[in-house]
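Shared chain: subunit A. Partners: subunit B in the first complex, subunit C in the second.
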Partner chain A sequence: MKILLTIQDTSIAPRFDQATEVMIAEHDGQRLHGEPRTIILPHRSAEELSDLIVKEGVDCVICGGIEESYHKFFTWKKIRVYDGIIGSHAEALQRFLKGQLLSGMILPSAQDG
Partner chain B sequence: MLSIDCFIKRIPEYARFSFPLLSVLLTGNSGKEEPPLTDFPVPVPKRTMSYDFTHILSQGMYPALLNAVPHGIAVTNRDCKIVAINQTLEVLTGVMSADAQGVYVDFVLRSNIARRGRTFRDVLAGGEPAVIEGDIVSRDRRKIPMRFTITPLQTAEEQTIGLIIVLDDLSAVVHPAGLEGDSDISESIIGHSAKMREVFELIPLMAHTEASILITGETGTGKDKIAEAIHKRSNRGSKPFIKINCGALPEALLESELFGYVKGAFTGATKDKPGMFRLAQGGTLFLTEIGDMPLPLQVKLLSVLDDREFFPLGGERKVQVDVRIIAATHRPLKERVAQGLFREDLFYRLNVLQLHLPPLRERESDIRFLINHFLRFFAERTGGSVKTFSDEALRLLMEYAFPGNIRELRNVVEYCTNICQHQQIGVDDLPKQLLAHARPASRPPLPSSPPSAPKAAEPSRETARDWMSIEKEMIIDTLTQTRGNRSKAAALLGWGRTTLWRKLKIHGLMSPTAPNNEQG
Partner chain C sequence: MQPIRVLTITKNEDFSDILTDRLRSWGFDATAADNSHEALETLLVRPPDVVVLNLRADHDDDLETLRLLKSRNPDIAIILLTCKGAMASGIRGLELGAFDSLPQPVELGELIEKIHLAHQRLVTADDRSAAT
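== the complex of A and B ==
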């Protein structure tokens, strides 16, 4: 299974449509398979990012603020979305694998740094 | 440069809150014994100058101060981390002030102006306020246009200690809904109802993919317009958009129209014909009434969709095409699949993305809007002044179900604007079939009587008899209007041609010599 996180440096990017970097990780629901890979996007585009998510066969997206239309699109495509996440992508991923991530969560790492 | 006392002076610009509150903030006392502050410049007591920002916050009054302002406000420290946000911003972002403390403002606001925090840092470094227009994504996932006023906060010693960011909602002044861009298309697709907003939201997403789209919806709901809007907004927008009605042509003709033929393929084929697929090369082929496509052609279409190549009629060389397919139908395709009238594999091939257009009766809030739009449209076309509907006529229109959807509404408005000789369109100017439908609603209620089975049955028989005569009258009216053209009459009535044919038989309106080939 594949998970995609929209990132900005070490954090989850505040907005899905403004993200220029994504991290894709493969997992079995409990642990990661291999190293997550990072993709730098050529420019900000929610539509192109949505395309990438569908083409990559991603089944879960972790992101910051996302518009309803994209959220619906992913739900329609059976892609789970954890949105409104604030904090480091490492912590978000860790919590996701432990089944402890919820949409709108402000992670403790959000106050770090 | 804005010192802390200047900041306090500026607060009334953002909102008109009570002076005692300001007094409390300035003095740290109840404010009652302080002289009232009347005008700018605010006569700030000398001792206030010694108050630094942290001190003000420590007074415990800042939440009331911030919450009194009817705009979103975020106060940050020098690191652009949230110190406090007011209730308005809490509602917008879904983040509570206590939870937001210590988080980079950028992550809480979810704006498009932050540039990874550079915008805020620039204001901190430059010391000059900045006003920037942008947007935020709210907790309910709406993109809201905002004006951001970012002001540095400074102490009396002109030491910058943070930022105050005021968010002014511009939704009211920025175009609120509808399909943006492509003015000609956005003007022709109108809708403010929640269901149409959902459709509008999906159009850009669907435009961006290459997958086939199936647009469903009753007749007159605007399937063609939506298909064109998707095409125009796609990467293929500058390439051809070819529309073909699969229900309008016999099988052999439809095949030659779609796939073309080579010279000599059949009698009368005196030159090569490229066919719609080749004409739409690089663009979009819109197959409307796909549910009426004959079965043998469905096989060929499926093969083209899979292989992206085909043989024109009588041709020996394969033609490769790069065409996106958008199909539309008012028929329930799944049911037709079950009946064996539509190939299941083609259904799944076309139904990659599905867009359902709601009928007008499910878009009540749009009816009035559309009526006004068509009134303006026909006034412009005829060069006359814009007419209006009387309250009673408008009520009848709002109560009517519009089985022919927007097409019928448009025709009704056109009929009324042409028939009505006055500035205000009254009930008498409405088409008869509409009045016939609306009559039961406007009829005064029956006097109450004790319930008894025979009596209860009587009105229902009455209604049924009434309805049959009303329906007959309606059919005759519509056929007269369309000069006997049954296809047009069926479309106006919002029925299929078969339904109209059946009803003509029921009402004895079929002429004995009329051909029986109207089915399908």
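== the complex of A and C ==
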């Protein structure tokens, strides 16, 4: 299974449509398989990012704020979305793998910065 | 050992900032140029080992930058990042002597691998010419 996190430096990017970098990781629901890949996007574009998500066969997205239309699109595509996440992408990924991530979560790492 | 010097030419401030920042975090001595004029200045003042050039669709001036850099320094290794719709320009770029091309959006790991390969080729060429 593939998960995609929209990132900005070490954090989850605050807005899906403004993300310029993503991390894609393969996992079995509990642990990662191999090293996550980092992809730098040429433009800030929710549409291009959505295309990438579909093309890559991602089945779960972890992001900050996302427009309702994109959220609906992913739901329609059976792609699970954890949105409104605030905090480090490493912590978000770890919580996801432990089954402890919920949409709208403000992670403890958000207080560190 | 000196870090590999990388010059990025992207004409896109956001992309340029992130790219150079990530390359620096991986230990490269990365600088950015917004246009061919800046790139040529850098070539004189602080010659890079490898250039990463963003090729946009329907922008012949990007290929012109490649031509200029190659005319000033034929040995320079240039890696092209080709945007959607810029495949023909990418092929032309390879014909003009670019080291390789990668499609956008660019995967950082792949780019880093290409930079190391391009640098390795330069080092090997230098060793050969020193031996003869």
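Keep in mind that, in the parts below, the second predicted complex is superposed on the first by the 113 of 113 C-alpha atoms of A that agree within 3 Å, B and C clash if a C-alpha of one lies under 4 Å from a C-alpha of the other, contacts with A are read in each partner's own complex, and residues count from 1 in each chain.
Operating definition for what follows: contacts are C-beta pairs under 8 Å (C-beta built on N, C-alpha and C of every residue); 3 or more make two chains touch, one makes a residue touch a chain.
Values in this document were obtained by computation on a predicted structure and should not be read as measured data.
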item: Superposed partners subunit B and subunit C on subunit A - clash or fit; value: fit
item: Which superposed partner A:L32 touches (first subunit B, second subunit C, both, neither); value: neither
item: Touched partner set for A:P42, first subunit B, second subunit C, both or neither; value: second
item: Touching partner for A:E21 - first (subunit B), second (subunit C), both, neither; value: second
item: Contacts of A:L52 with subunit B and subunit C, given as first, second, both or neither; value: second
item: Subunit B versus subunit C as contact partner of A:L97, first or second or both or neither; value: neither
item: Touch count on subunit A, higher of subunit B and subunit C; value: B
item: Nearest Cα pair across subunit B and subunit C, whole Å; value: 9
item: Contact residues common to both interfaces of subunit A (with subunit B and with subunit C); value: 48
item: Touching residues on subunit B, where the partner in the complex is subunit A; value: 81, 94-95, 99-104, 106-112, 114, 116, 136-143, 198, 201-202, 204-205, 208-209
item: Subunit C contact footprint on subunit A (complex, rising order); value: 20-21, 35, 37-44, 48, 52
item: Complex contact set, residues of subunit C against subunit A; value: 12, 14-15, 18-19, 22, 54, 81, 83, 104-109
item: Residue ranges of subunit A in contact with subunit B within the complex; value: 8-9, 11, 14-18, 47-48, 50-51, 54, 64-73, 83-84, 86, 104, 106, 110-111
